[in-house]
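Below are two complexes that have chain A in common, paired first with chain B and then with chain C.
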Partner chain A sequence: MKNQYYVTKYDVKADNAFALEDNIMVKDGLTTAGSKMLHNYISPIDATVVRKLLDKGMELAGKTKLDEFAVMGVSGDNNELSGVVGAVLDKTCRIALCNDVFGKVRRQAAENCLYYIRPTYGTVSRFGLVQTVSSMDQIGIVCGDLDEGIETLSVIAGHDENDSTTQGDGSLALNSKGPLKEGKYTIGIPVNVMNKTDEKSKEAIKELASKYHTEEFELEHFEVLSQVMYILSSAEIGNNTSRYDGVKFGYRSENYEGLKDLYTNSRTEGFGLNMKLTSIIGAMVLSSGNYEKFYLKAMKIRRQIKEQCDELFKGFDAIAMPLTLDSQDPYVNLALYALAPLCGLPSLSVPLGSNNGVQLISQAMNENVLFDICKGGR
Partner chain B sequence: MKYEVVMGLEVHVELATESKLFCSCSAKFGSEANENVCPSCSGMPGFVPALNKRAVELGIIAGLVTNCEITPRITFDKKNYFYPDLPTGHQNTQLYAPICRNGYVEIETESGKKKIRIKQIHLEEDAGKLVHDYRTDASLVDYNRASVPLIEIVSEPDFRSAEEVVAYLEKIQSLFTFADVSDCKMQEGSMRCDVNISVREAGSSELGTRTEMKNLNSFKAIARAIEYESERQITAVETGCEEIVQETRRWDDNIGESYAMRDKEDANDYRYFPNPDIMPVYISDEWIAEVKTTIPELAEEKYKRLTEEYGLSDYDSKLLTGSRKIADIFDGTLKYVDNPKEVANWILGDLSSIVNEDNKPFDEIDIDYEKLGKLIKMVEKKTVNRTIGKKILQEIYTNNVDPEEYAREHKLGMIADTGFLKDIVNKVINENEKSIIEYKEGNQKVVGFFMGKIMRETQGKADPNTVREILVEELDKYKI
Partner chain C sequence: MDIKDLLQYEKMVKFDLPESEREWIIEQANMLEKSFEALSGIDTDKTEPLISPIEVQNPLREDVAHKTFSRDEILANSPEQYDGYFLVPKTIE
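Take a look at the complex of A and B:
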């Protein structure tokens, strides 16, 4: 079957089917991660999430298209609809799983009246997910019906001995229901972010604020979040994709003499422009002389942001942020999507307003608060 | 001008774990190429490293036996470089928080005892192996060794002679083999050593420019390489005809020279950074204490037991604790026969000479402790005599026979029937009347002559002491 959102589409009934971004492995099937580099890569295993969903009796609708290695380009046009969003929108499946590090799916889901759950880092096993940014990779769920998304999360979450970063049954999504504390929820609104967003987003946040008690705060380091995110993710992407060298599996150039040639030509021909750019930036920020200036500095800011978040969540149940700024530049907008992955926090994209939405972020393991707010609780 | 050689060592030791550092593949040596490989250790996407707890414990033990401080929170870092033997394009190692720091070992050379300081010990993974196939002119890669756990022991520049270097390596080998950290076999590559070497005027406190020597595959090669490199550097300093540059040099033991390496090792910027996939490991005092109780008896303690408890000589005790293998044979056999002195005699005497004749290093032999113990008991109880015992030992060694069965089948049991022996003795005496006269005239040597004849008659199966007793008794009865 052909479908514009899929790489591979199976003939199954949509009402019991899930779709996967083509970087999540299904045994004996192709997993290309959207790259020529892995054009012929047959997965030796089922990803843990796939195993769990199949065991629950769900069926695989297919594998969807994605940006090469799920890395969003920060230059050029970036408005093509993500495969996972398209697949759910098209009603070819009930839910779709993907690894949204750079925010494209979070934004597009809300813009298309869908939800995107990005759980706490370490909630869902990454076993069988092609690595992008190891410290931020987190499989999330695109869904049209939030309850279906929550139920899916409860199926795929939990400790996996194949991924030592997974945590026990700590996710509240798994075991807690109803109000978590007495009284009304307090939602923090980052005023310096709001100043830079567009009218549509302001409307959406306003709609949320009309229902809840909100407080304004200043999000520290917001002006450098894009840089921090870009430096750290490039370093990890460059490292994670250095295994694709034409030696063992994946694409190998037909045209080489000697080892250096084999590496250079295979990687030149196998990777797209964005991946090459990312790898070069990644190598640059880690190289001696630059490490302290870029990587280490970004790591320090990452820690400071985490510390601020820890403080914020002493007073707030969640913070709400827009999904677009008053700019079309993907690099500028990256600042909005960086907070959750940098700090390992759960986020929920909620459609609000017209073709727009907000992202709610809570402290780690507090997915339930996000769901509760989204459903209009207290 | 007098010069002093200053050296520091980087010793790599493969840990004696069952499985690899991040997956459940076997870590054993000598399998078919790529037999012990899975998607994880061959670098395929989608696999997350799962740290081998046993490797961490062996790292702790390595630190404890070398008097190191154990780091309470350890982390892993990625070291990046491209090479076909490195499946993921990075090596997992410890740059920022190595498992052990600030230790020392004491070595003994002819010039006395000396402490060698250990800067740090870190855990890391090994790389695979490239094999060049000359028939097809292709390079092949074997990932069996990829991700086998290693520790690297980095010393301070405390060495002043090749003798000290070898003494240190022997000490490390002894400590780690007795503690079950590693089998430390240089010939199989489970122990490897790089030497950082520089020279300076004797008495100077400044360090000269150092070079790093690689590919040192035996103690002999290490000693030769050190001699070569120190002479090269001294000549360079004295004549000024060559400048010493900081570089990595590869030792070629066949031609006895080293040459500068121009490869991955030299030109690389390793771009280290923390590995986000491996969570920090917290090593509590309780864990250390628990691990400590599992450390087997080390050579020094064993030596004490042998000399003090068993009363064995200094010399024998040193030999019996000289390697893990010989110590194991001793202790293993002692379980079956409670006579340390006899066991020591058998191992250091008869067994050693058999092994020598076989031209094998002692560490590679295989012998059943129970059978050896049984044999020693049989000789003790005079079921067989010592000469026959030695023959049976040879059979145990080469054919793994059971000594009791073997003696029974080959009718090697001693003749314990004194009546029967008396008959043989009298028969021999009667056949040699001339010798009786000599005996009566006081020539004691004749006893030996008679003994030889009698033992021949009994095919060596009589206990010489019993025979001697009977012989003297019977000879004295004779009246001329």
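Take a look at the complex of A and C:
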């Protein structure tokens, strides 16, 4: 059974089924991460999230299409609908799980009247997820009904001894009864970001401001968020993909003479152009002469960004970020999606109006605040 | 980035790119590198680098041996194997 959003589709009842981006492993099934490099990789394990959902009695609807290793292209069309968004939109499953580091799913979910929950870094086990950007990877949930998303998060969250970054089971309070806060929530609106957004995003933020108490602020370093994100992610992607060498698993070239040839030809033939660019940039920013100027500098700015967020959340319950800037360039727009992965913060993509929405970001482990705001807590 | 730089990076990440891809990658890399220069305007002299967004101590498991994968399971995905080993071209003449 095939569907345009799936790589593999099973015949199950959609109302009790979950879909997975094809970089999350299911035992004895193919996991390609959308790459020729893993075209024949059969997973020996179930990812922890898969095991937890199956144990709860849910069924697997299938594995969905994704960009190669879910890595964003810096140029060209970035608008093809993500498999996970298409699968939920098509109602072939109740919820879908993916690892949205670069923001494509966060944007597309809200634009298509769906929600995307990107939990705090370390909330959900990444065991069985094909590693891409280790310090930012975090499995999240696409859902049409927020309560179903919250219920799913309560199932998949928690410590897993196979992923040492995961936090204790009690660290995430979900499904609180009653209001979380006395009085109104205060949502911060980054005025310097809003000055660069398109009309559609301005409308969405305006709608948000009509319902909630909002205050404007200046988001420092917004002009370099894309750069910091790209430098750090390229370096990590370059390292994480160095394991694909045609020896232990994955694609092996038929054209080689010695071992060096085997590595080089397998990698050259197995990776797509965007992954090659990313790996080359990763090597560039980590090489002597560039390390301090780019990589170390980006890590230091990452700390300054995180420290600013810590300060902001003393005054705001959440920050609202628009979905698109007044440029179509995916690299420029990356700045909108960098804050949550760089700082490990939870974000919730919320649909507003027609084909429109915002991302709400809160303090770490404060997913409940985002859910409460979204459900109408004023 | 020029072709000399690119060839050096290709060697580091084990690629042997066709000319058409080299041209595109140099063009994209130069655009990116130019944008990276914006970082130099930010004062980070007194800032420590941030490697991971969570700086709490990682919870560790008990140091107890447990079963992971059998040799057959590990070899199952290898493109070529022989007598329980990964098979690679001859490395010592």
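Note that the second predicted complex is superposed on the first by the 369 of 378 C-alpha atoms of A that agree within 3 Å, B and C clash if a C-alpha of one lies under 4 Å from a C-alpha of the other, contacts with A are read in each partner's own complex, and residues count from 1 in each chain.
Everything below uses one rule, namely that contacts are C-beta pairs under 8 Å (C-beta built on N, C-alpha and C of every residue); 3 or more make two chains touch, one makes a residue touch a chain.
All figures in this text were calculated on a predicted structure; none of them were measured in a lab.
Of the two partner chains, chain C is the only one touched by A:257; chain B is not.
With both complexes placed on chain A, chain A has more residues touched by C than by the other of chain B and chain C. Within the superposed three-chain model, A:354 lies out of touch with both chain B and chain C [touch as defined at top]. In the superposition on chain A, contact of A:342 is made with chain C only, not with chain B. Within the superposed three-chain model, A:33 lies in touch with chain B and out of touch with chain C [touch as defined at top].
When both complexes are overlaid on chain A, the residue A:159 reaches chain C alone and has no touch with chain B. In the superposition on chain A, A:126 makes contact with chain B only, not with chain C. In the superposition on chain A, contact is made by A:297 with chain C only, not with chain B. In the superposed model, A:243 lies in contact with chain B only, and not with chain C. Shared-chain residue A:195: touches no atom of chain B or chain C.
The residues of chain A shared by its contacts with chain B and with chain C are 41, 44, 135, 161, 164-165, 242, 245, 247-249, 259, 263, 283, 287. Contacts from chain C toward chain A in the complex involve residues 1, 5-6, 8-10, 12-17, 21, 24-25, 28-29, 31-33, 35-36, 38-40, 42, 44, 47-54, 56, 58-61, 69, 73-74, 76-80, 86, 88-91. Chain A contributes residues 25, 31, 33, 38, 41, 43-45, 47, 126-131, 134-135, 161-165, 235-236, 239, 242-243, 245, 247-249, 259, 263, 283, 286-288, 291, 295 to its touches with chain B in the complex. In the complex of the two chains, the chain B residues touching chain A come out as 39, 42-51, 78, 80, 82, 84, 87-90, 139, 141, 269, 271-273, 275-279.
Put simply, chain A touches chain C in their complex at residues 40-42, 44, 74-75, 121-122, 135-136, 159, 161, 164-168, 221, 223-224, 226-228, 230-231, 238, 242, 245-252, 256-265, 267-268, 271, 273, 276-277, 279-285, 287, 293-294, 296-304, 306, 331, 341-345, 364.
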